[in-house]
Every structure is written in C-alpha cells, then in structure tokens.
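For reference, chains read A, B, C and D in written order, and residue numbers begin at 1 within each chain.
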Amino acid sequence: MHPSPDIGIWIGGLLTLGIFSFLYGDNPYYKFCEALFVGVSAGHWFITLFWTVFIPKLLGNIGIAIHTFRTEGFAAGMSDYMHWSYIFGGILGFLMILRLFPKIGWISRWSLAFVVGTTAGYYFINYLVSNGLMQIQKTILPLTSVGNIILVVGTFCGLIYFFFSKEHKGAFGGLARVGIWFLMITFGASFGYTVMSRMSLLIGRMDYIFGIWLGMIR
Amino acid sequence: MGFFERLLKIDRRIIFTFIAVAIALPLFFNVSMYVETTSEVVGIFSAVDSLSPGSKVLISFDYDPGSMPELQPMAESFLRHCFSRDLKVILMGLWPQGPLQANWALDVILNDPDIKVKNLKYGVDYVNLGYTAGNEVVIQRMGSDIHAAFPVDYYGTSLDEIPLMRGVRNFNNIDFVYNLSAGYPGTMEWVQFAADRFHARLGAGNTAVQAPLMYPYLGKKQLVGILGGMKGAAEYEVLAQRPARAVRYMFGQGISHAVVIFFVIIGNLAFFATRKKKES
Amino acid sequence: MRREVPLLICAIVGFTLIIVYFVPHPPFSDMRDLFSDWFSVIAAFAIYLGILNLLKNSVDKVFRKRSGWGFSIVIIAGFVLFVFIGLYEGSDFGEIGTRYYWLYDRIYFPLMATMFAILAFFIGSASYRAFRARNVEATVLLLAAFFVMLGRVPIGYYLTSWLPEGWRMGDVANAIMTYPQMAGQRAVMIGIALGIVSTSLRIILGIERTFLGGE
Amino acid sequence: MIGSENKTVKRVFSFLFLVFLFSPILIISIAEAQYSLLVPGDTLPPAAPTKTEAFDTPYDRGRSITINWEKSKDDGAGENDVKGYEILRSTEVDGEYKLIGTTVGGAQHFIDNDVRDGIEYFYRIRVTDGISFSLSNPSLPAKSKPQWINLRRTNIFIFAVALTFAILYYINRAKAGKELFIRKIAGLEAVDDAVGRATEMGRKIFYIPGISDMDNMQTIAGLTILGRVAKVAAEYEARLEVPVSRSMVMVSAREVMKEAYSNAGRPDAFNEDLVYYLTDDQFGYAAAVDGLFVREKPAAIFLQGQFYAESLILAETGNSVGAIQIAGTAAPAQIPFFIAACDFTLIGEELFAASAYLSRDPKLLGSLKGQDVGKVIFLAAIILGVILLSFRLMNIGPWFSVG
C-alpha cells in the first residue's frame, strides 16, 4: 500500500467518500460535500459562462464590429454588420436582469418570449425532419426478413399506442397493446444496456480510491 | 413476516454492499476475459481499416471527465488504430473539456512504443483544433468551412499555417468522422448535420446509456457503426489485437452484472413464493 | 405590453426560424446561428439572477441561524473561491496547470464523478424492485433487460458458448437491440416529433402561453 | 602462406567485382521494391481526368462551387494506381492554377467553399499516382451566388404545411364546440391524488422541471404542466416547491406559479421563494435535490422535463423517502429509469399532451387530435411504402429524405 503523497489526491479521495456516504444515509459529512458541490459548481458555471460566452460572444463581437467600422467605415460587407447584431443579444440579456426590479420586472418576458420563440421555430423543423421523416424513411423496408417484419410491425404498433383521440378498444386496442410490449422491450433493453455504463463509472471511482489514492492496486 | 416477505423488502444498502464489493474486488486481480465482437463495432473498425494511408480522420471529443472510464479507452484504441494505419488525424471538441481529453489520449498513444517509432509530427500527422462554443452550429459551420469554424488550433496557430489543414476545408476533404459522445451535443447532432446534411462518413463511440438511442441511425448513410460503453471499447481493442484497459475492466463489469442479475432472480423467486402463499 | 408584445415576439421569431430552413440566402441563412448565439448571451446574463438567488438564500440562512446554516457558509465559500480564482486566471482558466484547473480537478471533478458513479448502486436497487414478473408488460420489460444485461458481458458468453453461433446470449442481446428495441425507439421518436411539432405550433400561435405567466 | 593470402585477396576482389557488376541490378531491384519503378508502363503518368465541370452549388447560401469530373482511366481500372486527385483553381483560364484541395482516389467531385460570390473561377483536376501527374483540361468558368429557396426541401415543406393544416383544422373545430374524445393517461389522472395526499400528510410537494434551459421544448412542456399542478396545489393549500437548475427557468417558473395561484383564487399564497435556484451543474443539482428529498421527506414529487443521467439519482432517492412520484420526459434514454423508480411515467409524446389533457382547453385538445392525424399520415406512409417496396413496385423512401 502506497498512499499518494499529493494533498490534492487526498482531498479528491475524501470528497469521493463523502458523497458515497449518502448511500448509507444522510449525514453531516455528505451535507458538507453537498454544500461544497453546490457552491463550487455554481461558481464553475458562472466562470465558464463569463469567459466563454459573455466576454468572447458579446464583447468580442461588438469589439470586432467597432474595429471594422473604424478601419473600413461604411464600406464593410454584410457579414461585418452581423457583428453589430450582438448588441440585440446584449439588450435582451439586460432586459432579463431587470427582473431584479419588481416594478419593471415584467419586461424580462420579452427576452423569455424571444428564447421560447426561437426554440419553437427550431424544434418544429428539426424534430419533424430528424425524428419524424427520417425515421419513417428508415421504416419503409421490404418485408423480406424476420428482422424487417419485426421492425415494421413494432414501429407501427408502437405508434398506435400514442393515439390520444381514439379509445384503445377492440382491434385497435389489441394493436396498441402489442405496441406497449414493444415499448417495454425497448425500455427493458436500454435499461439493461445502461447497467454496464453505470458500473464502469463506479469502476473508475474505485480505481481512483484504491489505485491512485491509496496505492493498493499495482 | 416470513423469509420471503423480508427478502422482498430487503434494505437496499445490502444490495449496495454487494455491488461495491463486486466492483472493487476484481480490480485487485488481473484477469482478461473473452470478448465477443459485434457487427456495429466491426463496421467502424473495417471502415477505418480500409482507408488508404494519408486519408484524413476527424475525431470529435464530445465528453468531459465524467465519462472517462467508458470513452477514454475508446479514444485511445481508435487513435492507435489510425496512427498504425498512417492516417492523418484531426482532433476537436464540441464540449469545452473535449480537447483536453484528446490531449490525454494523444499523450498515451504517442508514447506507445509501436507508435513512437513513427515519429509523428504535430501539424503534419495530427492536429488538435480545440473547442468552439456553439454546439451543433459548429458542425454546420464546419460543413461550409472548417477554417471559419476553427480559425486557430488549440495552441492558437492559424489553421492556414498548419500543413495538415491546408487542403481541408470541409467534410468533403475528410474521409471519416469519429465522434466520442456522452450526451448533447454529440452523436445525434453529428448524424443530423455532418451525415444528413453534408454526407460525411460517420462512426461513433458512445456511453452505454446513449448507445441504444443511436441504433435507429445505424446504416451506411448515417452511422457506419457504433461502440457502446466499455464492451464496445473492449471489442475494438480485441479487433485491433491490442487488449488494454477496457478488456481488463470487463472482469469487474461482468461480476457486477452478475450481482444485479442475481438480485433480480432472487427478487422474482421471493415474489412468486409470497404470491403463492397469498393465493393458498 | 406585458402580454401582447411577448406573444408577438414569440410568433415572429418562431415563424422566421421555420422559414429560414427553406431560404438559404443570407442574411436568413445565418439567422439560426445568430439566434443561438443571442440565446447564449441571454443565458450568460440570466445566470446572475440564479447566483444572486442562491447567495441570498444562503446568506439569509446564516443570518437567521436556521438549521444547517453552517453548510450555507460552505456554499458561499466554495462559490467565492471558484469565482475569485476563475476571474483571476483570465480566459485561459481551464488550461492544465492553472490554479483553477487544480481546483477543478481536485474538488469539482471528484464530487461530480462520484455523484455520477452513485448511479451504479441505484441501478442495482432499482432493478431489484422494478424487474418483477407482476404482469405481462413487466415480464416483457424484465426479460428484455435480462437478456441484454447478460449478453453484454462475458458471463453470457460462457453460459451459452455451447450453443451454435447466432444463438448465443450476445447474439440474442444484439437481435433485441437491433430489431424490437429499435422499433420501439422509432415509435417513441416519431411520437415525440409530432408532439413537438404541435407544441411548437401552439406556442408560435400563442395558444400555449403558460410559460409567460399572466397579467 | 603468401600464396594462400593472395588467393584470399583474389577471392575478395573477384567478389567485389561481381558485386560491382551486379550493383545496378541490385539498386534497381531495391528501387523496384520501393517504388515499383520497373513494372512495365509505370513510367507513364496516369490518364488525365476528363469532363471537368464546375458550377454554382445549388440551393445554398453562395460562396460555394461544385466541381465534377470523370475519373482517370487508371483509377480502379487500367494501371489502377491512382493515389488521389488535386483540385487546382484560377481566375483566368490560362492563368496560374493554385492547389485548393485534394481528394482520395475514386473521388469524382469536390465542393470548393472558399470562393467569393460573383467572381469567375476555372478549375483543373490533377491526378497523381504518387510519382507523376496528369492534368485535366480547364473547366468552363463558374460563378457562385446565393439562392432564395431550397427546392430540395420541397418535400419537407409539404409535410410541414400538411401537419400545420391538420392541427389548425382541429383546433378550429374544437373552438367551434365539437366534443373531442381523449383517452385516459394514468399519470395525469394521478395528479390530484398526489397533491391531495401531500395536503393530508402535511408534507411538501417538489416539482423538478428537468435540468435543461428554456431552449429546450421539454422544459417548456414541463413548465406548462407546472401551471396545472400549481393550481391544484393552491386549491388544496399544499406547499409546492420548485428547485431549478437554470436561471431563466426560475424566472419563467415564478411567472407560471404566480399566475396559477391567482387563477386558483389564492394569489396571497404565492411567494417568489417557492422557486429557487441551486446550481447549473447537472450533478451538483442532483446532489442538492437529493439532500432536499431526504431532509424534507416530500409526499409527492413531480419530475417533468428534460432529464439526463441524474434521472435515476433523483427518482431512486424520491422512491426511498416514500413519495408518490409522477415523472414525464421525452428523453428516450431516461424513460426506463422513471418507469423503474416512479409510480407513473409520461412516455415521450404524452409529456407534450399533458398540458392539453390537464387543462381540458378545447383549443389544446384540438391540437392533440391534429397530432393524431399526423400519426395517421405517417402510418399510412409506412404501410404504403412497405407494400410498394415488398412487391418491388417503387421506393417512396426518398420522399422523406432531407435535401
């Protein structure tokens, strides 16, 4: 056994044990790790957004816009003008912050509406294409093998289950029931498939505790 | 309360203990197990194997240290395969942590004796483009111009000054795209943008959770193959005839699966035993 | 102003982004990228609101000495430490070798990876409870999980290696994944596509407006 | 002795002479092995590519020219030694051609995305077998320009319009007062019971709207459901708390709850602190919410929205404290865990149907009916396509592909 001399490894190891202690039950050790985690991760996200979005995306683009204006004036091309548009992004962000002042806080809804509108428009097309049409295209298969038959029947019945405006009764209900079985196979299979992933995460942590930290594994 | 009733309501901490032991114990033994290969993994392996030397492979590292146990072995065995086939490798990340993961994998592989003798040069044989924010939009930009999506590489060198990148403008100049993904943005986005819109040849390595979601995309046009979780990583190592970490970890993996299955069986036995009792 | 303007913005922006898909001509072609960049900028502003809320709640707890106020100090200290060092390090804060990276690697990462790894235990306890052959549906769920779980590890191979190739556990698991699993997956995906198309439409048309609140 | 030495010297010399004599052959054979120089005909360069044509890449934003050529006769046939093609470009037909890109052997087209709109470019293709080259004739000039409409996406446009029309049609019918049947969704029937139980037990209700931001449709759907749950909670006078992981979701959730409480006639019961931010971090949030669950022991937990790996961490902990759990997500990977650990789970599309189901607003119900019409269209397409393809009549698959 050769425990690591690195204090950082010890901190990491102790925090690892602290989180694991939750499995036994809630306790002050876990509460400490949880509180630290919340504070530290909130800080991490704040810093990440600050240095990867706020500075380069907002200030960076406006900086480029000002620079091109000073060097090229009005001769700049269309794409150069696009940099100016980030001011709108900045304004929408600023409106969001106004939420802090109860009297004019409602104006942040404009930014919210912008975000939701963008999402709606983008999702409409993208899901229609990639989740809808492309999957239909792939389901149009010749019924020449057992596999293809299962695929077509399964997709068909599965979709029947999602019908909302028709009662699942009679033949229709039968199809929906077959659909549920297919869905159950899907969920069972992905659950089983995932077990492996989760176990490997634990292997990684155990390797850290016994290998890197305590030096018990060669 | 009878034995079976108590078994049905077993304290979950007992299950936790079994799992912990099942995972920890095998780490102390060095056992390698037989790994069967599947067609999804062979799909990627043979796609890479059939590329002619000098072909360009793009690897996108779309994960962070959280998924290292599963994805890092995949990254390493894939890189080794590329280098041993004399392919040119372009690394990048859609996750901020991606390029770091890439460098860690490079560090391991470039120090491998078989690869070291090739004396590979940065900028000629491989390059790390770094990270650009923007998720799938980055892929879309790469479809029109990689130099616009990544004006400089990880170390701040202009792409125009990197020999490897000179003739590479978009997906037309890339012979294979390999994506290591742990979520969003990841394989789904690469399929939707790189494969669907720009017709890139795409393979992926996924965490085992994500892999089943990608099965619908399998096929020549969207995904030539997929590595799912540690099993996929181990398969690739076996195909490349270089068993490494993933193959070693498979032992603990197997034992822990056995524990879960064991409890599922026990649970069902107890369930039927108590039900019979109730009926009688 | 409070209700109409947001609904108008929503409708215009949403409709524009649908149209943009069919119009490759600039500036429409760049609209999607641009809007997604704006979103990031808005999110970067908005995080101040969340952080202020977190700090306010923590400080409140400390001053009112509510139960667990000591842990609120830990929250504040952790936050201040990361933000202070992160701002000090500058835009290269994440590079290997910086102080920030040390903190990230030794404090944040172990916490994150362990919380993630806890799933290994929970997946065990969840499968013990959930996978019982209570009825037909539950049995189907159980069997699919059982075969795939076994098929993905070498034990499955050892148990069934006497069977002819193509009928072993690994092959069964693969067959489940490639056919019925994929069929169900597709049904779910197509359903979601329709659900999203319809919800998007309701939002763009202003029929669905709960997220904006009232007057 | 001398004689024998002489003999040795002689032998060495004659050996060296022989080596000298045969050295050209040796060198050539080594070279042959290295470069296959002596294979008959290989001093010849590969046949030049033909029919080089360049044109504006169709249906794009401009700044792109597509180049097609017919591959060299030695590519895949003939000498079969083509290593690749190099694409050369110039702005004058007999000007200086510069290398702009390369492809592997077998390729027949290249897209040049490094051009300026409105400028004429000429292209030549150079084929190489690793030693020698051949050049194609220059292409006719090509100019790039942006297009207004992407006609390749006409099929998608038609589907989008058809679905929109179906949904709008039924919304209008519902507005006109036509009764619509909606099947039972168990998870949503349970909302009232769950809230009622919390009231009886005097414990809290937690509502988790997923961990994504407002740029995710599931979050928006989750917030809509929050509106209905909050209204029920306000009516039952149960305490509902919403810890969130995104600031914008916090802002929206407060609006939603405030409105719900005032609709329920209890605006005074609403307090902004019922919605609070924890951290943006996925697992940091999971750790904190787990802590809340075990300490507050809520009677009911709602998990509605976009979830990732933390789904099971939350659901298992919620289950261990004995809460009634109603989950809903369209993240296919997480549905199995919710099914395993929660009492009720809304699967995929059901999450998006929930707001209509709970509100019973005719307009929303109408849109559900419209969705079903979409399903009929898709199912019909699958049946038709499968039949046509099975009898080898035609393949309608491409109708659904993306241009």
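Observations, loosely collected:
Quick note on the criterion: contacts are C-beta pairs under 8 Å (C-beta built on N, C-alpha and C of every residue); 3 or more make two chains touch, one makes a residue touch a chain.
Everything quoted here is computed from the prediction, not taken from an experiment.
Steps from chain C to chain D, minimised over paths through touching chains, total 1. Using the contact threshold fixed earlier, the set of chains in contact with both chain A and chain D is B, C. Taking the CA centroid of chain C as reference, the farthest chain centroid is that of B.
Chains joined by the most contact pairs: A-C. Computed from the mean C-alpha positions, the centre of chain B lies at a distance of 19 Å from the centre of chain C.
Annotation: 3 Å between the Cα-based centres of chain A and chain C. Between the CA-based centres of chain B and chain D the separation comes to 17 Å, rounded to the whole angstrom.
Residues of chain C in contact with two or more other chains: 18, 21, 26, 30, 32, 36-37, 39-40, 42-43, 46-51, 54, 94, 109, 111-113, 115-116, 118-121, 123, 125, 127, 129, 131, 141-142, 145-146, 149, 152-153, 177-178, 181-182, 185-186, 188-192, 194, 196-197, 199-201, 203, 211-213. Those residues of chain B in touch with two or more other chains are numbered 12, 16, 19-20, 23, 66, 96, 133, 196, 208-209, 212-213, 216, 229, 231, 253, 256-257, 260.
Residue positions of chain A touching 2 or more other chains, listed in rising order: 19, 22-23, 31, 33-34, 37-38, 40-42, 44-45, 48, 53, 56-57, 96, 99, 109, 112, 115-116, 118-120, 123-125, 127-130, 132, 134-136, 138-139, 152, 155-156, 159, 162, 183, 186-191, 193-196, 198-199, 201-202, 204.
The touching residues of chain C, counted against chain D in their complex, run 18, 21-26, 29-30, 36, 39, 42-43, 46-51, 53-54, 57, 111-112, 115-116, 118-119, 122-123, 125-127, 129-131, 141, 185, 188-192, 194-203, 207-208, 210-214.
Taken in their complex, chain D has these residues touching chain C: 59-62, 146-150, 153, 156-157, 160, 163-164, 167-168, 171, 213-215, 217, 220-221, 223-224, 226-227, 244, 246-248, 250-252, 254-256, 258-259, 262-263, 273, 276-281, 283-284, 286-287, 309, 312-313, 315-316, 319, 330, 332, 335, 337, 339-341, 347-349, 351-353, 355, 363-364, 367-368, 370-371, 374-375, 378.
Every residue of chain B that touches chain D in the complex is listed here, in rising order: 12, 52, 54-55, 66, 144-145, 147, 167-170, 172-173, 175, 183, 196-197, 209-210, 212-213. In the complex of the two chains, the chain D residues touching chain A come out as 155-156, 159-160, 163, 180-183, 185, 214-217, 220, 248, 251-252, 255, 278-281, 283-285, 287-288, 290-291, 294-295, 332-333, 335-337, 339-340, 347-350, 353, 368-369, 371-372, 375, 378-379, 381-383, 385-386, 389-390, 392, 395-402. Residue ranges of chain B in contact with chain A, taken from their complex: 13, 16, 19-20, 23-24, 27-28, 66-70, 96, 133, 188, 191-192, 196, 207-209, 211-213, 216, 219, 228-231, 249, 252-253, 256-257, 260.
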